[in-house]
Every structure is written in C-alpha cells, then in structure tokens.
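In what comes next, chain A is part of two complexes: it sits with chain B in the first one and with chain C in the second one.
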Partner chain A sequence: MEMYLYIALFAPFVGSLFAALFGASPKTLWSGVVTSALLFASFVSSVTLFVYLLQGGEPIHTELMTWMATGNLYIPFGFVVDQVSATMMFVVTTVSTVVHVYAIGYMDHDKAFNRFFAWLSAFVFSMMILVMSDNFAGMFIGWEGVGLCSWALIGFWYHKESATWAANEAFIMNRIADLGMLIGIFLLYWHTGSLQYDVVFAAVPNLDTSIVTLMGIFLFVGAMGKSAQFPLHTWLADAMEGPTPVSALIHAATMVTAGVYLVVRANPLYSLIPEVGYFIAGLGAFVAMFAATMALVNRDIKRIIAYSTLSQLGYMFVAAGLGAYWVALFHLMAHAFFKALLFLGAGNVMHAMSDELDPFKMGGLYKVMKWTAILMILASVALAGIWPLAGFFSKDKILEVAFSSEHYIIWAVLWITAGLTAFYSFRLIMLTFFSGEERYKEHGFHPHEAYKFMLWAMAPLAVLAVIAGWFEQQFVHFVTELLPTFEFHTHHVEMMLIAVTSLMAIGGIVVAVLLYRNGLLNPKLQQTAVYKLLFNQYYIPKFYDEFFSKPYAELSKIFWKQVDLKVVDATVDFIATTIYKTGEGTHTMQNGNLSSMLRWMVIGTVGLLVLAVLYVKRYDILALMQMVFPGLGA
Partner chain B sequence: MFDHMLSILIFFPALAGMLGFIVSKESIRAYGITVSAIEFVLSLVLWYGYDPSVAGMQFMEQFALVPAFGINYLLGVDGISLFIIILASFFTLIGIASLTETRRVKDMIITLLFLQMTMVGVFAALDAILFYVFWELSLVPMLYIIGAWGGPLRIYASIKFFLYTFTGSLIMLVGMLFMAYFYFQATGQWSFSILEWYRLVLPENLQLWLFVAFFIGFAIKVPMFPFHTWLPYAHGQAPTIGSVILAAILLKMGTYAFVRFSLPLFPDASVFFMVPVAVLAIIMIIYTAMVAYAQEDIKQVVAYSSISHMGVIILGTFAMNVEGISGSVFLMIGHGVVSGALFLLVGVIYDRRHTKLMSEFGGLAQVMPRYATIFGIMVMASVGLPLTINFVGEFLSLLGFYSQSHMMTLLAGTAIIVGAIYMLSAYKKAFFGDVTKEENKTLKDVNKKELVALIPLVILAVWLGVYPKPVLTPINNSVESIVQLMHEKAITPEAKAAIPNPAETKIAMASVTEVEVDVEREAE
Partner chain C sequence: MMEIGLTHYLVLSTVLFAIGLVGVMRRKNLLMLFMASEILLNAVNVAFAAIGHYYGDLTGQMFAFFVIAIAASEVAVGLGLLIIWYKRTDTIDLDTMTSMRG
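Then we have the complex of A and B:
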C-alpha cells in the first residue's frame, strides 16, 4: 500500500518537472497530456487507498526520511493516509484530474501552455503534501507550497498589472496568516516537544487550557488566511485574475479548503476549547452572509462564484467550529465538486465571450451553449441545496448542526444565507443564459460552445455533484472512525428544518428567475446606497489600500529618506567629519613657525597650571581667588 | 594527510596569489579558477575528514608565536565554522569562474585569493590575536576591490567601510586584551586561546563590560542597526564580485563571532543583554525590510534585505538554546548562498544594461525567461519558502527564540511578511508587466558562464532545503556542546534558567515521549 501512497504523492511532482522542462519553449501538447496522465495515476492510487481504508484497512503511516533534526526537534518527511487524508486525497486528485484535462482545451491558444501545466501539477503536489503529512511542519510545507503555486498561477499572465498585483496580494495576505500558523507550531513544539500529529494530540489534553486556547487561536489565524476568512478575505476575489481552471482547482475546490482541513485535522485540540470553536463558528456564519451579500450585486461571473466560495467556506467553518468535523469535511467534499464544475462552466462562457466577464453583456447564451448551461444550472442547483443534489445533504446538515447545538442566531444567519445563495446563483444563470434579450450581440461577441472533450471532462464532476450526497451514511461511518461523532438532538424537527431550508432555497431561485426573466433590472437601483456599499465590497479593499498599503509605502519612504539617510547615516558622518574637521582646524598649531609655537606653548602651560591648581584646590576656589587678587577683600 | 589541513587551506590561496604575479595576463583566469578549484576540493576533503559525531575542535594545529604572552598560532574547526569555510572557498571559486570582463583582471584575481586567505583564517583561528589579525586583514582586499573597481562613489564607500569596521574592531581588540589580562589574573598565565578562555568564569560585571566591547566590533561587522549604514554604500559601489563575497562570507564573520566569543565567554552578560539585542534584531528585521521596500535600485533591495535577514540570525543566536543557535548557524550558510546568488543575479542584468534601477526594467520575464526563473527561485529562497535553504534556518531561529519570548518572536516573525512584501514587489517591478523600454527587448538570456555560477547555487538552495541533515547534524553537535558549556558556566540564576541544559532536556523530552507511548498502548 505504501507504493500507492508514494505514487499518489509523487506522480504530480514528476508531471510538474516534466512540463517544467519545456517551460520556456512553445506549446507542446505532451506537457498537458503527460501531466494529466500522471495525475490520473495519482487519482487511481488515491482511490485504491480510499477503497482499502473503506474495507477496513489500517491507516498507513510511513516515514520517507529526516527533514530537520536539531536539539530535541525532530521533523521527518512523514506521511499518513487515514480516513481524513484519504478523503482529501480523493477530492484533490479527482478535481485536479478533471481540471488538467479541461485545461488542455482551455489553455489551447496560450503561449505559456507548458508553464501552466508545470505550475498546476506543482500545485497538486503541494496540496498532496499538505493533506498527507503526518506532522504540522510537513503541513506547513504544503501550506506554503500551495501559496507559491497560487501566486504563480494568479499572476500567470504576468504582463497584466492587475494579475501580478493580485498574485502579490494573495501571497502577502496569506503570509500574514502563516505567521499565525507558525506561532501556533512553535507553541505546539515548546509544550508538547513534538510536531507529530499523534504525539501532539496525545499530549494536548494534559496541557493548561489557556495554552491550548492560544494554540487553537494561532492555528486558526493560519486557517483564516488560506480559507480567506474575514478580514483576510479580499485576496480571494482578486485572485480571479488567474486562468479559470486555476480558480476552479485552487480557489474553489482545494487550496481554500486547507483551513477547514486544518481545523478538522486538529480536532482533538479544538474539541478541548469549545469557546474558540464558537468563535470560529460565529466568524464562519458572519462570512457566509457577508460574502453572499457581495455576490448579490457583482458584475463579474467569476467574482460572483468566488464570493459564493467564500460564503460556503463560512458554512464549513460553522460545522467545524461547532464540533461537527465530519459535516465540515462532507460539505468540503460536496462543495469541491459542484463549485469546480461551476467555475469550469464559467470558463466556457469566458472562452465563448472572448474573456468578457460581465453578465450584463451576456444574456440568452443558452441557445449557443446548451451543454455548458445545463452543467452550470446543475451545479447551481446543487449549490443552492435542492434535493437530491449534493449540496442539499451537506448544507442541510450544517444548518441542523447549528440548530441542534442551540445556536439559533447562527442557524438563522445560515438560513437566510441559503436564500441569498440560491438567489445570486440563479441571478448569474439568468443573466448569462436567459433573461430574454441577447445583449452580447450589441457588444459584438460571437459566442460558441466549448470543445467536446472539455464538456466530457466536466461530466465526472457533474455526476459527483449529483450523487455525492447520497453516500452520506457510508461517509459518516467511514470518517467517524477517526473523527468524533456529532450528537444530533433534532430528530423531532428534522423534517421541518429540511422543509424550511428547502423552501428558502427554492424561494431564492424563484425570486431570481422572476426578477431577471425579462432582462436587467432598473438601472436606478444601482444608485442606491446599499447597492454601492455591496458593489464596492463594503469599501474594505479601499480601506486596506488607504490605511495599510499606502501608509506602509509612505512610512518605508520616510524610513529610508528621512531616518536612514538623514538620521542614522548622518550621525555617523557627523562624528567622522567632526573628528576630521577638528584635525583640519587644529593642524595650523603645528605650522613650524617658532613664535606661534611658543605662543601655543605658553597657552598650554597656563592651561595646565590652571588645571593643576583647580585640581588641588578644587574645593577652595574662593580662597584661591583671594590669593591671586588680594585687593578684592573678603 | 590531515595534519596541516587548515594551514594549507589558509595559505595555499595566498601563496598561489603571490605566484599569480608572474602568471601572464592571458592565462590568469584559468590560473585563478584552478587555484580556487583546488582550494574548494581541499575544503571538501576537510569535510570528508571531519568527524560529525565529535562536537569539539578538529584538525587542531598549534605552535607558539609569542610564548611570553601566550599568543599561539592555533587553528581548529568544529561544526560551526566548517561549513562557512567550505562556503568561502565555494564562493571564491564561482566568483572567479563567473568574473566578467574586468579591468586589471590580474589584480582582481590575486586580490580575491588574498581575501580567501583572510576569510578562511578568521573562521579557523582559535587564538584571539590570530583571529584579530585575519579579521583586520580581510578589510584590506575588500577596501581595494571597492576602491579600485567600484562605482562613482567608490572612494567614499570604501573609506567608510574601512574606517567604520576598523573602529569597531579596535574596541573589540581592547576587549580581547582585557580578557587576556583577566585570564592572567585568574591563572597567573597569559593566554589568548579561545578554548582556554572558555574555561574562565568571569564575574558578571566584568562580563557586561567585555560583552559590550566585543559587541561593538561584531555589531558593526554584521551590520546591526544602527551601525548598518556603511553596508548600502559598500554594496552600492562594489563590483558584483565584491558584493557577493561581502554578503555571502564577510558579514558572517560578525554573526560567527557572536557564537564563538560572546555566548560561551559571557553567558551571563548574553542573557542580561538578550532583550536589548533582540530589540535591535527586531528593528533590523522590520525597519530595514521597510527601507528595502522603498528602494528604487534593485541592488539596494538585496543589500537591505541582507541586513533584515541578519536580524533573524542574531535573534536565533540569542535564543540561547540548541534549536535557535543551530538555526542561526544554518541560516548563516543559507543567507550566504541566497544573498550571494541574488547579488550575482543583479550583476547579470547590470552587465547588460549598466543600470540597477528597477524602473528601467519591467517585463524581463518575457525576454529572459531563464534568468527570471533562477531569480524567482532565489527570491522564494530569500522569502524563506519551505524546502528552500533559508526556511530551515529561519524556522529554527524563530522556533528557538520562541522559548525566550512570545511577543518578540511574534514581532520578529513579521520577517516572513515584510520579506515577502519587498521581494515580491521588486520582482514584480523588474520581471512582470510589459517590456516598455526599447533596450530591454533585445536582452540576451543568461549565458553559459553565468549558469556555471548560478546553477550550483540553485541546487544548493534546494538541496539543503530538502535535506539539511548532512550540514545540520555537525552544527547541532557542536552547538550542543556550546550550550552545555554556557549552561555550566552561567553564574546568575537568570542565566541558568534562560540557558537550557541540553543533556537534561534530552532526558525530559524522552520521558515525555515515553508517557505518550504508554498512552498509545493503553489506547490499544
């Protein structure tokens, strides 16, 4: 079984190296095909391991070699395949394989085709390290690795200022959070003496609660960055500058869920500190609604989906925070499938519309892009949580968790958000594919359906988006071998909850369809304050720019020009020039002229005498005065 | 065969350099490469002969120079100095091999060979006076390199470099003389041997004074805030090769000396001054990183980033535990590789465009993809991405210091943020965007000669990031013995508490793991 583990892990790496060999040369189809094939191998290995565990196999734990060892610190390259990592591996490799195949078509005309696949496979490799490592340091490798690949892929079209800006923003914002994670790791090490999951989790129950709370908080700060939780969320929407397959893979299905994975993985730690869990849940609920409201008015199909991702991540954190770790993982999986599908559909639309992203300029695309439309509607229905698609099962469970643990406010927020979700999803669908008029004609677009094989590549995701929810019982049984179970106390109201939630979702869909069936809304709405607030993302990016970026740049300039050059360096030069000038000024004393030298000698002698007298009589200056000038009197 | 290994390593380049005067101008490059290659192989032989399981000094050599005052020609290496010596010979080799068209190339190569002698000498010397001699001698070739091959402000820059560091060293020398005098008072014998000084337990107030004297000398060399301003001038004016050696090796003399002198000689004073030193280190990290962000000249970005990284090294050194000090020594190697490589890379573009202003570039990734790739790898190494060489050192340094102070580590940890800010924005300015300048459209990508220098550095940066063990284990063993010594020597209770006893913590940790094993067994 170890062999499968290593294949699953290293196949993407080999693919990445292969594609990188041709990184700077013109497009070779091979780089796409070979990386996809290797990813498929990785997928097959992951499924094999998954099935092996499903059939009751023991989790696999192996150590490749030592990484860092000094003092008492020992960090190996160790990997573990248990129920949680196997689930993640399955999700990651499934979506990656689909996205790779899809991207062969999507990146068809791109000059940097090979470079794209090198980075995309490198990302999968990092993600696999993240989910498979058996210690926190190994997770951190993957954590930073996906950050690097995300940076390179957001800024893939590096001639675009907006793309490189967004790439740097994502990297730096993630780094802020990574510092939190790093501090969390330090705390773990100094209090448990190890970073291995098993050792750490065995040791945390014996620690002081305040220490464990600190650990939980700092690790969660790391999770907030990767999973783009408020206030570190702005990078995710800007990350949509990257090619769409990247958005599908990295910024919807895998990397952004790393934060959720971290909390799920560290469940023995978070179970000890429910207060931190409540905070996580509260923040998650807030983000769920906060992001959904921004999605309501946005005019960029990819950003709408990005906000939706943000919102769904909030749902996952609610579940994880309230201790329903398996529910979080379940929604993570279901969400990965339908959200990736939605993004790939958006990619088709972008392709058809020559990279136009504004749905106000589309409309009526259903006629030309029937299959894409169907796939996207399917994904949206799943996202909205309509029976019997995947989102229904997973999202409903989260609402149930909130209700069952008597957090009714969280429940209510999530319940309203469910309606918003359905609304913005179908606003997008209506504006793009229906809504009467064919506005794209005014703007001179000639849309066309995507390549057949791209549609076929999306098919597995469509199937999974439909059926993933049906295996809820098996899934629970599988992952709760490792994760704690969650006691639901809602059996008596279960059906009612489901009905209420489903009504909300259907209501959202109906409203969207009715509102947008005949085209755009009255443009006067765009003048309202609420619209402006939402459209400008609550002015948060602007706030960050004004109050962080700009002052940082200004302060840097001041530090350089005013402090470093004019204070620190000038002081050094001042000391040096003072010494130099003293020499310059006094060297005339020794000009060799006998009379001037005698003069200086006299001055020197007098000076010395005065000093000597002062020294001897330093307490008796008055007496001295009297001695020198006796006529002065007493 | 290993009898006089260190003497050979020190004096072979110098002797070869003297012979270099009679080598013809045409063959001087080949000669220089051959000599430095032999030297590099010899340094590898040293590593081969080095026994990593022994913590103490190896390859010791000794003969008396001034017996009346206990001044000896005393050499030896341990895990801390071994790799810096190898790095020094490695950088001299690739520096000479990648030397571009230079005026008076013969003088340059001979100067470099002399510089190599002084560098190896500093790291191999175990006698304070010998150390001091090499320490000061190293200024002369660098003064000459900046002064003779530098930019328009070269005279100012080189004089500043020389006088500033020289002043610091004089104060250090006074400290050394006092140290020897105290040794004489305590034992009735003069000695300048560092190893013998190690055995001397000084009262705390003396330690404080001597610590400060040594500190000034080392801090200027590192350079620590606020003594750093000579460095941007030196880098700004120095030719590429000068900057490379300066950043990669010469700055390490300061941080190395902290580990070699300050910590084991004055453990109580080190603990006493830990907080102020750490504050300075944090200022270095954040402040210089911000100054780096404001720069317009890409070489200045790298220069200031050097200072910022040195802050992390200092912090790791003053962590006073094995993790932190090992990390800081490893980071010395890592920073040497990465900053050396970055200066080489800046030199590549300077050779082509004769400017270092980032506003003159833009879009270079399109014209010079290979160059952009290598630069990108080094940027990521500099930012401290895991699996690159700098991460290991940075991680361990910060991890180590965390046991001393939570808040200060949190502040110092911003290194990973501010570092990313200036490096990525510099990379973006130079490499991303469209090619706007006409001159940049026809730039040639890196050539073979440049690759010869850069590829080994890339390999090193990744190899030691993935598999640091061969280097980290010897460092760890030597650092353990130093921490042990410090713990035993410490007289104040604060110092005893702050410096862990490696032997004890080992046992304590082992018992923790045993308990856990029991827990696991019960679970089964």
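Then we have the complex of A and C:
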C-alpha cells in the first residue's frame, strides 16, 4: 500500500518536472498528455487507497526520510493516509485530473502551454503534501507550495498588469495569514515538543486552556488567509485573473479548502476550545452572507462564482466551528465537484465569447452551447441545494448542525444565504444562457461550443455532483472512525428544516428565473445606494487601498529616500569611492620605471621593519606611556 | 686595544646594508645595481656569520654559504641577461627599461 501512497504523491511531481523541461519551448501536446496521464496514475492510486480504507484497512503511516533531527527536534518527511487525508486525496486528484484534461483543450492556443502544465502539476504535488503530511511542518511546506503555485498561475498571463497585480495581492495576503499560522506552529512546538499530529493532539488536552486558545486562534489566522475569510477575502475574487482551469482547481476545489482541512485536521485541538469554534462559526456565517450579497450584482461570471466559493467556504467553517467536522469535510467534497464543474463551464463560455466575462453581453447562449448550459445548470442546481443533488445533502446538514446546536441566528443567516445562493446562481444561468434576447450579437461575438473532449472531461464531475450526496451514510461511517461524531438533536424537526431550506432555495431559483426571463432588469436599479454598495464590494478593496496600500507606499517611499538612499547607499558608496580614489591617487607609483619602483620597494621594506619593531616593542611603549601619563590606566 | 665583539660586526653589517640600499635607490647603471645588491647580500652574510659565531651555532654560517651560492647563480643569470640587453639596446641605463609600464 505504501507504493500507492508514493505514486499518488510523486506522480504529479514527475509530471511537473517533465513539463518544466519544455517550459520555455513552444507548445508540445505531449507535456499536457503526459502530465494528465501521470495525474491519472495519481488518481488511481488515491482511489485504491480510499477503497482500501473503506474496506476497513488500517491507516497507513510512512516515513520517507528524516528531515530535521537536532536535539529534541525531530521532523521527518512523514506521510499519513487516514480517513481524512484519503478523502482529500480523492477530491484533489479527481478534480485535478479532470482539470488537466480540460486544460489541454482550454489552453490550446496559448503560447505558454507547457509552462502552464508544469505549474499546474506542481500545484497538485504541493496540495498532496499538504493533505498527506503527518506533521505540521510538512503541511506548512505544502501550504507555502500551493501559495507559490497559486501566485504563478494567477499571474500566468504576466504581460497583463491586472494579472500580476492580482497574483501579488493573493501572495501578500496569504503571507500575512501565514505569519499567524507560523506563530501557531511555533506555539505548538513550544508547548508540546513535537509537530507530529499524533503527539501534538495527545499532548494538547493537558495544556492550559489559554495556551490552547492562542494556538487555535493563530492556526485559524492561517486558515483565514488560505480560505479567503473576512477580512482577508479580497484576493480570491481578484485571483480570477488566472486561466479558468486554475480557478476551477485552485480557487474553488482544492487550495481554498485547505483552511477547512486545517481546522478539521486539528479537531482535537479545536474541540477543547469551543469559544474559538463559535467565533469561527460566526465568521463563517457572516462571510457566507457577505459574499453571497456581493455575488448578487456582480457583472463578471467568474467573479460571481468566486464569491459563491467564498460563501460556501463560510458554510464549511460554520460546520467545522460548531464541531461537526465530518459535515465540513462532506460539504468540502461535494462543493469541490460542483464548483469545479461550474468554473469549467464558465471557461467554456469564456472561450466561446472570446474571453468576455460580462453576462450582460451574453444571453441566449443555450442555442449554441447546449451541453455546457446543461452541465452548468446541473452544477448550479447542486450548488443551490436541490434534492437529490450533492449540495442538498451537504448544505442541509450544515443548516441542521446550526439548528441543532441552538445557534438560531447562524441558522437564519445561512438559511437566507441559501436563498441568495440559488438566486445568484440562476441569475448567472439566466443572463448567460437564456433571458430572451441574444445580446451577444450586438457586441459582435460568434460563440461556439467547446471541444467534445472538454465536455467529456467535465462529465465525471457532473456525475459526482449528482451522486456525491447519496453516499452520506457511508461517508459518515467512514470518516467518523477518525473524526468525532456530531449528535443531532433535530430528529423531530428534521423534515421541516429540509422543507424550509428547500423552499428557500427553490424560491431563489424561481425569483431569478422570473426576474431575468425577459432580459436585463431596469438599469435604474443600478443607481440605488444598495446596488452601488454591493457592486463596489462594500468599498472594502477601496478601503484597503486607501488605508493600507497607499500609506504603506508612502512609508516605503520615505524609507527609500531617507534611509536607503541616505544611509545604506551612502555608506556603501563611501567605501567604494574611497577605495577607488586610493587607487586613482596611487597608480602613479606604477610608472614602469625600475628605479623608482625599487625606491618604493625600499620604502615598503623600511615601513614593514618599523612596524615589526613597533609590534615587538608594543608592551615597552605601553609601559613608557604609562610612565609618562600615569593617569591612563592599564 | 678594544676587543672586537658581536656589536662591531653588526654595526659593520648595518653600514654595509645602508650603503647597498642607497646604491639600489640611487644608481641608474644596471651593473652598479648588481653590485649594490651584492653588497646587500654580503651585509646579511656578515651578520649571519657573526651571530652564528656568537651563539656557537653553525646554522648561521651555513646559511651564509647558501646565500653566497644563490648570489653567485643569480649573478650568473643576471649578467647573462644584462649582456643580451646591452647587445640589443646599446645601453644598460635603468631609466630606459620601461617596457613593463602598464
């Protein structure tokens, strides 16, 4: 079984290196095919491991080699495949295999085709390290690795100013959060003496609650950055500058869920500090609604889906915060499938519309892109949480968790958000594919359906988006071998809750369909204050710009002009010019005349002799000086 | 009459060395330069031999012999070069030897 573990881990790495060999050369189809094939191998291995665990196998724990061993510090490159990491591996490899195959078609005309696959596979490798590591240090390597690959892929079209800006924004935001996480890891090591999961979680219950609370908070700061929770959320929407397969893989299905994974993985720690858990849940609920409202009015199909991702991450944090870790993991899995599908569908639309993203310029695309439309509708229905698709089972469970733990406000917020989710999903669908008029004709677009194999590549996700929820019972049984179970106290109202939530979702869909069936809404609505507030994302990016970026830039300028130029540069320049001038002044010595050179040699000899004598006589001179000036001391 | 001791030899050596040093610095004739450097070496030889005798140790005298041998070979090579130089340029003035100017 260890062999499968290593194949699952290293196949993407090999693929990445292979594609990187040809990174600078023009498109070679091979690089895409080989990386996809290797990822498929990784996928098969992950499924094998998943099935092995499902059949009651023991979790696999291996140590590749020692990484650091000094004194009491021992950190190996160790990997663990238990119920949680196997689930994550399954999700990651499934989505990334699909995305790789899809990207062969999507990046077809791109000059940097090979480079794209090198980075994409490198991302999968980092993600696998993140989920498979058996210690926090290894997880942190993966954590930084996915951050780096995300940076490279958001800024993939680096000739675009906006893309490089978004890449740097994402990287810097994550760096801020990673500092928090690093402090959390240091605290763990300081108080438990190890970074191995099993050792740490065995030691945590014996620690002081205040220490554990600090650990939980700092680790969660890291999770907030990666999972783009408020107030570090702005990078996720801007990250949509990257190619769409990247958005599907990194910014919907895998990397952004790393924060949820962290909380789920650290569940023995978070179980001890329910107050922090409530905070996480509260923040999650807030972000769920906050992001959903921004998605309501956005005019960029990818950004709408990005906000939806943000909102769903909020749902997951609610579940994780309230101690229903398996529910969070369940929603993570279901969400990965339908959200990746939604993004890939959006990619098809973008391709058809020559990279146009404004749904106001689309409409009526159903006629030309029937299959894409069907897949996207399927994904949207799953996202909205309509029976019997995946989203219904997972999202309903989260609402039930909130209700069952008697956090009725959180429940109400999530309930309303469920309606908003359904509304904005179908607003997107209606504006893009239906809504009467075919507005794209006015703008001179000639849409066309994507390649057949791209649609086929999306099919597995579509199937999973439909059926993933049906295996809830098996899933619960599977992961609760590792994760704590969650006691529901809602059996008496269960049917009612489901009915209320489903009604809300259906209501959202119906409102969206009715409102947009004849095209755009009255443009006067865009003048209202609420619309402007939502459209400008609550003015938060502007706020950050005014209160963080600009003052920081000013401060940097001051430091550059006053400190760097006047102190650091001046010192270095002084040393250089001194040496230069010395050379300038003394080079006349070397006039080539032997007799004057001999004279210099004699002077040098005499000088050295004097120095030697002085050195020997040093103590005598000191003694002499002491005699002359008795006050000087020794 | 005064006993001739180590100090006298060392003074002689110093005086010889100073003469040699002045020669090295002032002389423009290459042949004279050679002689000046011989004086320098022999000044050191005197000091070596005197100090060796003073301590009753043969090492100093031995070293003086080495210096004499090396000085002899150096003069042989140096004079050979000097003759070739004279044949080529008709002068052995030090100031004309400026081909090393950078």
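Note that the second predicted complex is superposed on the first by the 562 of 634 C-alpha atoms of A that agree within 3 Å, B and C clash if a C-alpha of one lies under 4 Å from a C-alpha of the other, contacts with A are read in each partner's own complex, and residues count from 1 in each chain.
FYI, contacts are C-beta pairs under 8 Å (C-beta built on N, C-alpha and C of every residue); 3 or more make two chains touch, one makes a residue touch a chain.
Everything numeric in this text was worked out from a predicted model, so none of it was measured.
K.L.:
Just to be sure I read the superposition right, which of the two partners does A:Phe559 touch: chain B = first, chain C = second, or both, or neither?
P.N.:
first
K.L.:
With both structures superposed, pick whichever of chain B and chain C touches the larger number of chain A residues.
P.N.:
Here the partner covering more residues of chain A is B.
K.L.:
First (chain B), second (chain C), both or neither: which does A:Gly592 touch?
P.N.:
Once the two structures are laid over each other on A, A:Gly592 reaches chain C alone.
K.L.:
Is A:Ile467 touching anything from chain B or chain C once the two structures are fitted on A? First, second, both or neither.
P.N.:
neither
K.L.:
Figure out whether A:Ala576 sits in contact with chain B (first) or chain C (second), or with both, or with neither.
P.N.:
first
K.L.:
Let me test your reading of the model: by the given contact rule, A:Leu525 touches which partner, first (chain B), second (chain C), both or neither?
P.N.:
neither
K.L.:
Considering only touches as defined above, state whether A:Val602 meets chain B (first), chain C (second), both or neither.
P.N.:
Second partner only.
K.L.:
Which parts of chain A are touched by chain B and by chain C alike?
P.N.:
Looking at chain A, the two contact sets are disjoint.
K.L.:
Can you list the residues on chain A that touch chain C in the complex?
P.N.:
Against chain C, the touching part of chain A is residues 590-595, 598-599, 602.
K.L.:
Within their complex, state which residues of chain A touch chain B.
P.N.:
Residues in contact with chain B: 23-24, 65-73, 137, 140-141, 144-145, 148, 151, 155, 158-159, 161, 164-165, 168, 171-172, 175-176, 178-179, 182-183, 185-187, 189-190, 192-194, 198-199, 202-203, 552-553, 555-557, 559-561, 563-564, 568-569, 571-572, 576.
K.L.:
Which part of chain C faces chain A closely enough to touch in the complex?
P.N.:
Within the complex, chain C contacts chain A at residues 21, 24-25, 27-28, 33, 94-95, 97-102.
K.L.:
Spell out the part of chain B that touches chain A in their complex, as residue ranges.
P.N.:
160, 163-164, 225-226, 228-230, 287, 290-291, 293-295, 321-323, 326-327, 363, 365-366, 369-370, 373, 380, 385-387, 392, 395-396, 398-400, 402-403, 406, 409-410, 413-414, 416-417, 420-421, 424-425, 428, 431-434, 466-469, 472-473, 475-476, 479-480, 502, 505-506, 509, 512-513, 516, 519-520
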